[in-house]
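To start, the structure under review is shown below, and the notes come after it.
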Amino acid sequence: MHRRKVLIVCLVVLAAAFGGSIWTSTELSAMHDQLALQEVLYLPSVKTVKAMSLGYTGLMADVYWTRVVQYYGRKHLEKSVAYKLLPPLLDITTTLDPHLDIAYEFGAFFLSQKPPQGAGAPDEAIALVKKGIAQNPDHWRLYYDLGFVYWMEKKDFRDAAEAFASGAKLPGSKPWMTTMAGAMAQGADDLGMARTLWNDVLKETKDPLIRNNAAQRLQCIDSDEAVMALQKRVDAFKEHFGRNPGNMRELVDVGLLRGIPLDPVGNPYGINAYGEVVVKDQSKLPFITKGLPHGEEATVLYNKFVSAAEEKKQKEEEEKKKHEEQKSSGPGTRPTDQK
Amino acid sequence: MFAIETVALEKTYTVGFWRKATRQALKPLTLSIPEHEVFGFLGPNGAGKTTTLKLLMGLIYPTGGSAKIRGMDVQDPRVKAQIGYSPEQPYFYDYLTAHELLRYYAQLSQVPAREQEKRVSGVLERVGLRDIGKLQLRKFSKGMLQRVSIAQAIIHNPPLVFLDEPMSGLDPMGRREVRDLIQALKEEGKTIFFSTHILSDAETLCDRVAVVNKGELKGVGAIADLNTRGTGETEVLWEGTGEIQGFRALGEPHRSAEFWRVLVPDDKVYAAIDLVRQNHGRLISVTPLRETLEDYFFEKLNSKEVQP
Amino acid sequence: MIARVRSIAFNTFREAVRDRVLYNLIVFALLLIGSALVFGQISIGIEKIVLINLGLTAISIFGVVIAIFIGIGLVAKEIDKKTLYTVLTRPVRRWEFVLGKFAGLIGTLAVNAGLMALGFFGALWLEQRKFVRSDANLLTALYFILLEFVIVTAVALLFSSFSTPLFSTIFSFALFAVGTFGDDLRGFAASSHGAAKAVITLAAYLVPDLSSFNVISLVAHNQPIMPRLIALNTGYAFFYSALVLAGAILIFDRRNLK
């Protein structure tokens, strides 16, 4: 009957149109990335965004926070080397809602880490967390995040120790923060400390991206430790047989190993031509410092050393300049601000 | 084939927030209305008159039974070309003129383009709205809207016309005009179904009437039959006498103003007339009393059984 | 069939065009566009950017307001006031009625957008005394705004088919507001898990995604619009409107008209 016909046609159109709208919508979402790239220059200033929110800054902050996560996730998937929008997005989010701690923490990790794991901008990370501390001086976690950045990416143990120490004084902080402060002050930089810190991140944070990152870090630490242990066995082989083992199989055959060891992502460790233990797929374990291809480990260490040394040199030169300015301005001048 | 035929046509609404309770707006209604008849649908407000009309118009859907117009189910789109409908409390597009509205409706009702203009002016004349010119409908009075409503119901010359309270909002002059119009439509051979709660209109116009109350059909009767049913009494009016003794045997005379009035059984009429003449009175009128529609109406309204 | 739809469409257009509310809103929009000329003077070098941003945003917002108010007024109000009883008792199918209303409304909005666009280009002329090639992008932006109107109108019609004028208006505005954040809603759906993910994803696809239609800031900075975006947006508007209209017809056809 007529009404039955209408019903059927409508349902068919409904289904087809729904399908069509989902399809076009998905295609449009894919296009958003390209649009987003174009919009790099057109992210509105913080003041504009604040004005546009018509007072609903909390809601806008949440919207922008979602965009931060989406942006990072999308870029990370593409193994991007530039996260240009991440600093301004985080800046907008934290200006709209200065108490959104998770944003500061996110920035601490993902602004500071080197690409493609992060934006490789530790100074911006530090600036962001300091902004957070200014707005929330009694949130101990922020000091922890600050210390983390200083230690992990800047290798600035003094500032790291100071951050941990300040945080340790606040209610709710973890008791080991004082110990950490002390250890840092001594310039300790070992895998054990790193493991403790990342374990704690994993335990305390609920944000899935940060947890993922921490888990990966722990895996890499496991790998580093495993590589070091394996290297000892390889060296033992060398000593005994006077030559490098060709592969792990030989170690098993002579009883130095019980089975072919696998790295945390399931690939077997190998031995290169130089008799060094190597990790098969470095891309899956991005934070390892051992088991890298020949020469690269040296590069990593070199870079670490160089950047640390350069920074030290930079600081020394600044101090010298200040000292000389003080001297030249003569006695009776106002004392400059001490750090 | 009947013009309108319903078989156990029923409408029950589910009411309340959770849609649990039910309200039976129309109990199963079975009616047959032949062509060319003027059928009156009577009942107090809320009796189910408008519900029945809307069911017939396909504006609401029945929860039971069926309804046919000229042999076709009322849901059939072909039916719409054969009917005209004037709703209760009509309201039209604010910013159109009556002329534009009727033109639009003529178009929708598939009146041939070259005839539309003629029909529009013709029908406006018929309902007494010849000179409304460019006045927009939002400025129309209730009575004027009622006339437009009837106009749009007949502009495409349908064989069946359905009117819901066509007299509402009209002054006595307007009511007279509409009554005349319905009479004219009847003479054109149209079948007319109209609902009303004004009994005198129904009495004048209808061939048959149905009485509904509380969603139930209480009775259907022909007006002609009512007129031939006498109450068995005759009213005699005279003047110019004092109290006449002999009437006691026939009835109780009463004096009102200048004349006397008595009700006597039909078979005693001539005896009464003779009595008046003997007393040198002057006869004013001799009127046999017939059952009025009103009597029929109230009798049926609250009756327990449903009469066919 | 087509003739009836056309007839209803034309009548809807006529009724809308005579409604004074429409004109008031258009005048207001034009005033706002004119004021953009003043705001631009505040800072040297960005007059044109301000004009485009403010002008196109005004057209977009006012257009949506008009679309919703007229859409509701011409359908929900018609059902509420029972004007359509005498239409539906003619040889007009209910779906023809819905489509005719939709067509009439779109026509009204197109004219409306056209008038506002004229005002906008007029202001642009006053600002820069000539037109440059990149101004053609503005037409694309206006086209997208028109597509937005189409979607919003369809939504207003959907709500009109079952809700009172007041609630239809509220729901339509609400859906429009959520739709502007359509992209974020999708993102939110992508990062959620489990049962919530299914629910939010479904919601994200049912809510109209209006974020892709807003290219105002791009156009203000003279960026060209990719043809692929134009094609996809047109497609999305078509599919989504068809979806919503099918729903509206379905509901309206089965409805008892009190």
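Should a chain be cited, it is by its letter among A, B and C, assigned in written order, with residues numbered from 1 in that chain.
To be clear about the criterion, contacts are C-beta pairs under 8 Å (C-beta built on N, C-alpha and C of every residue); 3 or more make two chains touch, one makes a residue touch a chain.
Predicted, not measured: the structure shown is a model, and the values here were computed from it.
Taking A-C and B-C together, the pair of chains sharing more C-beta contacts is A-C. When chain centres are set by their Cα atoms, the one at the greatest distance from chain C is B.
Distance from per-chain Cα centroids to the pooled protein Cα centroid is smallest for C. Separating the CA-averaged centres of chain A and chain B is a span of 86 Å. Rounded to whole angstrom units, the spacing between the C-alpha centres of chain A and chain C is 44. Computed centre separation for the pair chain B/chain C is 48 angstrom, with centres defined by C-alpha atoms. Touching of two or more other chains is recorded for residues 2-3 of chain A. Within chain B, the positions touching two or more other chains are listed as 77.
Of all residues in chain C, those that touch two or more other chains are 93, 254.
Those residues of chain B whose C-beta lies close enough to touch chain C in the complex are 54, 57-61, 77-78, 80-81, 83-87, 89-96, 100, 104-105, 107-110, 149, 152-153, 156.
Residues 3-4, 7-8, 11, 14-15, 18-19, 81-83, 85-93, 254, 256-258 of chain C are the ones touching chain B in the complex. Only residues 1-3 of chain A touch chain B when the two sit together in their complex. Remark: chain C residues 93-95, 181, 183-184, 186-188, 190-191, 205, 209, 211-212, 217-218, 221, 223, 226, 228-229, 232-233, 235-236, 238-240, 242-243, 246-247, 249-250, 253-254 touch chain A in the complex.
Taken in their complex, chain A has these residues touching chain C: 2-3, 6-7, 10-11, 13-14, 16-18, 20-25, 27-29, 31-32, 34-35, 38-39, 41-42, 44, 63, 66-67, 69-70, 73, 208.
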